[in-house]
Amino acid sequence: MTELEAPPGQEEHTWRPARFMVIAAHPDDADFGPAATASRWIDEGSVGWLVCCTSGDAGAEDPDTDPLELAALREREQRAAADVVGYEGVTFLHMPDGALVNDLILREHLVREIRTFRPDAVLATDPETLFHRDRGVNHTDHRAAGFAAVDAAYPVARNPMAFPWLAREGLAAHSVRRLYLFWSNTITVRVDISGTIDRKLDALRAHASQLKDFDRVERSIREWSAEVGKDLGVAAAEGFHLVVIDEDDEDEAEADGAGAAADAGELVESEAAEAGSTTGGRPGS
Amino acid sequence: MTELEAPPGQEEHTWRPARFMVIAAHPDDADFGPAATASRWIDEGSVGWLVCCTSGDAGAEDPDTDPLELAALREREQRAAADVVGYEGVTFLHMPDGALVNDLILREHLVREIRTFRPDAVLATDPETLFHRDRGVNHTDHRAAGFAAVDAAYPVARNPMAFPWLAREGLAAHSVRRLYLFWSNTITVRVDISGTIDRKLDALRAHASQLKDFDRVERSIREWSAEVGKDLGVAAAEGFHLVVIDEDDEDEAEADGAGAAADAGELVESEAAEAGSTTGGRPGS
Amino acid sequence: MTELEAPPGQEEHTWRPARFMVIAAHPDDADFGPAATASRWIDEGSVGWLVCCTSGDAGAEDPDTDPLELAALREREQRAAADVVGYEGVTFLHMPDGALVNDLILREHLVREIRTFRPDAVLATDPETLFHRDRGVNHTDHRAAGFAAVDAAYPVARNPMAFPWLAREGLAAHSVRRLYLFWSNTITVRVDISGTIDRKLDALRAHASQLKDFDRVERSIREWSAEVGKDLGVAAAEGFHLVVIDEDDEDEAEADGAGAAADAGELVESEAAEAGSTTGGRPGS
Amino acid sequence: MTELEAPPGQEEHTWRPARFMVIAAHPDDADFGPAATASRWIDEGSVGWLVCCTSGDAGAEDPDTDPLELAALREREQRAAADVVGYEGVTFLHMPDGALVNDLILREHLVREIRTFRPDAVLATDPETLFHRDRGVNHTDHRAAGFAAVDAAYPVARNPMAFPWLAREGLAAHSVRRLYLFWSNTITVRVDISGTIDRKLDALRAHASQLKDFDRVERSIREWSAEVGKDLGVAAAEGFHLVVIDEDDEDEAEADGAGAAADAGELVESEAAEAGSTTGGRPGS
Amino acid sequence: MTELEAPPGQEEHTWRPARFMVIAAHPDDADFGPAATASRWIDEGSVGWLVCCTSGDAGAEDPDTDPLELAALREREQRAAADVVGYEGVTFLHMPDGALVNDLILREHLVREIRTFRPDAVLATDPETLFHRDRGVNHTDHRAAGFAAVDAAYPVARNPMAFPWLAREGLAAHSVRRLYLFWSNTITVRVDISGTIDRKLDALRAHASQLKDFDRVERSIREWSAEVGKDLGVAAAEGFHLVVIDEDDEDEAEADGAGAAADAGELVESEAAEAGSTTGGRPGS
Amino acid sequence: MTELEAPPGQEEHTWRPARFMVIAAHPDDADFGPAATASRWIDEGSVGWLVCCTSGDAGAEDPDTDPLELAALREREQRAAADVVGYEGVTFLHMPDGALVNDLILREHLVREIRTFRPDAVLATDPETLFHRDRGVNHTDHRAAGFAAVDAAYPVARNPMAFPWLAREGLAAHSVRRLYLFWSNTITVRVDISGTIDRKLDALRAHASQLKDFDRVERSIREWSAEVGKDLGVAAAEGFHLVVIDEDDEDEAEADGAGAAADAGELVESEAAEAGSTTGGRPGS
């Protein structure tokens, strides 16, 4: 919130959240995903938090692997990677790997995390990605984590009557204002990561149990980042599908108390905005 | 069914169902949605019915609000709004606000409603809308209600062996012929609401518990409706994603008894039509 | 794997799997779907297997029909049709018609089938099809079967730690390399079925309980196939949305043991590939 | 209701329902259970109906048995047996064998059956039987069917607001007045079946798919019936755990309209009766 | 905890909890149940709290009754009755009437209530009561509420790692020491209610929507209370099935910090106690 | 099967299974339970296997304990204890601590274990124990594990059509012949453990994370075992509720192939036996 937003397209995306939360399905997802953007934002003053829905207990080649020991190992790896990136902390929700569903239980956990950390932006896997440009399937857990992150961010986290015991116990409603969706087929903004791509690779190295041929990983990451960066004229970039829930000026209005409205699920302002932007075709500006 | 269908595109949509049912997730959704189209159709002789899946029991700013009292209040507001529009009746299914799922229970309820009222067209939220043109999230309840409405309309309502006790008890299979999906990112038809936009605003006013700044709501509704109307050269319009399940001439054939087939889920005519229109790439006309 | 892959577009698709599995929701879906492609591939040396998730126990017009007798009848019809096409066998999973869900139970059944038969390619209904080009609804069971087939094919079937008892009991992990999705709104490849369209019609004839006016079915099938074929300059074709999970050269590398990796859910190679092809925007080639 | 009730203990139980319903988990349960009592009551003028929750699709020795064909066979056997006993009809609910649960779905089905047939008494397996006098386990389906039968009989069937659509569609609330629980470890009443034990054996013979050594079955049935009959001084008897929900004189009062109360779940008369008979220790008379 | 415990049997039960919580399925259950004991304990200095799992939304004779309005009415009635008894407060959990299940959701709600109010004793319906001495069925909701109350009281409320977010947010583990189960077939203690039976009747009168013939209710309550009292030689009594989880001297030891152990689910002291008292057959004293 | 069975009552129980399986909810349950009996049987030539449904991940006093690390620690402790007793192996099912339910998933896992190890007897917690002689609550997980063990042992493990894929893949049906239920309020047999009580205490010592005051544990175990032993005139004993599913002579008959019957769920021999022993009141001998 310290810089102006660049228009979508070929210019660099420079808006930056003061606080952001990455919600991922498995350990290592966040590092294959937006780790370099997270590193850059943290370097520039943002505070980040990582939430892993599962601990990756099904991520090995031997069916006799002890899933609990594997999960413990992968948590250690993810904590080490998170230290490289610079997150303030990591939460593991211990949901089952391979069986993640966007149900009320997962959403309540995520709302708890969101209301505790109170991020301006949530970064999550794009739930609309079923196939990666027809070159692979997006893991069912990624889709579930993405849907749950979106639903938790809006409207649940901002609705005091959703899981009302949370608000009663001090976890007040909180409005996440933006979603940055990674692994999307609809990239709308690009972040220059020339300065932090090495941090991303260092973070990935921490996931040793999942890496067999790190040279190949590094080669792939560098190639693809270069391609996304090409449009911006930079050496490396990460791309996102950006969804703006609340504009900055709306926030200021709210901060001023002028016309502010707690977004209690169905309050009219957001409803009208939704209705208008879709039925009525309001231009994006 | 009293007027010819206009081709999709920039011309006004003039086909009108003799009977239609609006299926909404929460009280007020139908009024932020297609209330002006519903009003116009009713004025012109159609009969409408409204189904609210939840009673909006999570729609307030104070977590200590009594959800049952809030639900009762919102039902009264929705009944008042429905009177403004002119629906013949309203059904509340009392599903939980914020926890709607497209499961067999919700579908059976909707099939019961559809077979009782026997609408030609169902109006529902477009379930494919996850984001409103990247300017907001479509509430999980809206998506669930949309999916359930679509599935109930086809094939369940028309399949006598789906929930077979319903048919045995007199709720005979019924074929919904069209879906009008609102809050869509894929508007294919536009209805001129110049004559009924004020009724829509009056209906919205009935939802007093949800409105803090009605002037702002009115301004938004008028602006967006004007934009959708611009393409038609009219002062105000509502836009829909139209899905035609049965063409009018198919209906007539059925009414004649010539080649008629109850569409029992997997009967060949509809199956062939589906197979053809998708695998084979039949043009849309 | 005996022929080179043609580039997507207007040229004929000539890649052919040595072994393929068709996963369908109901008896007759596979025959309205890819029966002619399956027939051609089998004629040319491929081995095929058919899995029906339900036995179509809700597919009749009389609510007093005995669903178990109907299911038994439809299984006989499907077995007869499968003989016409030439599948090596058919499995019925006996899931409930009209109530199919993509849950762990269905996925485990499908993984069992996949690991037993070990197909190179899985053919299934495209789960992203909600509406058939706005001319009909894609049955909820079709969508559920499609999602479950995709998730079972990747990553579950190839992850030895998914349902680990299966691997321990001898059902070793298996990598499905391609998905051919039928009833798609996004056709990317076309197969010439001029030589086997009559077999498809013969297979359809076996579903007598579902056919009232076979002439009409035949007319529709022939018209639509002709349309899909027109782009290729052939008399008849079937179209698919192709998703390539593993390229052929990746397979060879794996066969050589060079850099091979069991794709244990989250292994880095596939993860990096996914991350790259989506976040980074790698071109499709 | 045509005879006086005998006191519990060693005297013959002579009360007889005008209409009764047997609720069983599997085909053949009703015939191993109260078939001779049912036969006698029918001979004396009662009308009986049989409900089978499952069709016994898991009841064979070969895992490759087609469960649908087996179910169809067992339904035919059960219908033949029901003809021997003289039931007015049989309903199969087609729940899955081995997976029966006392959930809302099963209860709604049973309430539908009860309100349609309107029995005075329901006969079901005693849900409290986990072990048969420490000589065997009572099948989980038997326990589930017993619990569901009890809950459906009271309070659901008599509460118009339970599944309220049923009452609205004409299935008016109905008060089952007595439960006769078979396969109980707590026999409280005995019925002389000397005159109908042969009918029971004839009914059992109809379940040919389940019988390997009918002589052994016959020997067992005769021995055990003789033992139960010994206390009464009769050649053969069946024993039940009787639960009286409404006394006959309560019914008459209700029929007279004096102090009648629809037992709407929590209405005070039954509640007070319950509270009194348990907290307060009212004697059994 | 201010008086010595009387031995079970025919003497009056004089132990009294400093704080107690009544957990009931429906409004009015607590008043048909232990209202007079609660009144007496409150008069003597105890503090009480009432939790209603449902709001009784299915408790009326007309299927067209609005369940939300009925629930709101019954909550008002229950609050009025609670004022008569003198509870410090009432919580409604808004679970569905007729569909209560002892699942994790209900248990978490009850643990939240227990850890907030921190009662020494929980009063609940005896979950083992399926039939009221063979003169009626114990409502499925009563059994579910009873099981959930027992499980919430032990071990969940006292295990800090059960729903660990609760402890982290300040709802520290709490040990309920006694269960008083009403509507039991196994009365082990009796409380003299001669002085408060009129308060119980006043509380019952507040449930006007559920009462048609209050004279009959009063007559029944008085008769049955007299019977339970007869054994004690008092005019009226309520009976309970008492389960002592922690003896008073254990508490004192804990209060002293000597050998104290948070009962973390499986900690050895309680485990050993359990193992011993059951496998080993320790006498009841 | 090497010794004659003693009549129930005060004589020592000397029947011994050649193979037995202990099914427990948590690590340490088996050691607080029948560890000394297991040790003795193993010393005398039996082969034993231990199945833990959960890994006790909720068994600590600090809500911030990492549940995965705790589970891994407790598995190590349980493996050490199992070595003391002499089990041939231990299986952990990794179900969630505190949330165990007797559903199809747990039952399928247990059937897999039973059919693999093929025990004559299963030892499990008595599912009918809700309260330990009114001195404590039996943990909900214990009840769930007990019910699941009973249902898996009979009829599921012996029914080839239950989870038919298991039999097809080589896990042939297996008949468990006896259940020994520990932590029961209905002890019917006693085993002299004078020679192995020290082994039980050694096994318990391995659960160091759960033990704070081992002297107290040892004192309790010794006292209670002495009490159970008193009736037998021995220094220490463990008591069980014994349920005989198949008598030894039935087995022999089966082994001879005379009148043998696979107990396919509902086959007549076992059904008749059940029906007879309960409805008809066959004496226990």
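Read from first to last, the chains carry the letters A, B, C, D, E and F; within each, the first residue is number 1.
Methods note: a residue touches a chain if its C-beta (ideal position, glycine included) is under 8 Å from a C-beta of that chain, and two chains touch if they have at least 3 such contacts.
Everything numeric in this text was worked out from a predicted model, so none of it was measured.
A.B. asks: Report the chain whose CA-based centre is farthest from the CA-based centre of chain E.
C.D. replies: C
A.B. asks: Report which interface contains more C-beta contacts, comparing A-E against B-C.
C.D. replies: By the number of C-beta pairs in contact, the winner is B-C.
A.B. asks: List the centre-to-centre spacing of chain B and chain E in whole Å, with centres computed as mean CA coordinates.
C.D. replies: Averaging C-alpha atoms per chain gives centres 47 Å apart.
A.B. asks: Calculate how many whole Å lie between the centre of chain E and the centre of chain F, each centre taken as the average of the chain's C-alpha atoms.
C.D. replies: 33
A.B. asks: Give me the residue numbers in chain E that touch at least two other chains, ranges are fine.
C.D. replies: In chain E, residues 67, 165 touch at least two other chains, as defined above.
A.B. asks: Throw together a list of every chain pair that touches.
C.D. replies: Applying the touch criterion to every chain pair yields A-B, A-C, A-E, A-F, B-C, B-D, B-E, C-D, C-F, D-E, D-F, E-F.
A.B. asks: For chain D, which residues are in contact with chain C within the complex?
C.D. replies: Contact set of chain D toward chain C: 55, 66-69, 71-72, 75, 94.
A.B. asks: Which chain A residues qualify as touching chain E in the complex?
C.D. replies: 112, 165, 169-171
A.B. asks: Can you list the chain A residues touching chain C in their complex?
C.D. replies: Residues 26, 28-29, 32-34, 56-65, 67, 97-99, 129-140, 182-185, 187, 204, 207, 210-214, 216-217, 220-221, 223-225, 227-228, 238-239 of chain A touch chain C in their complex.
A.B. asks: With touch defined as at the start, can you tell me which chain F residues reach chain D in the complex?
C.D. replies: These residues of chain F touch chain D: 104, 127-128, 150-151, 153-156, 159-162, 164-168, 179, 188, 241-245, 259, 261-262, 264-284.
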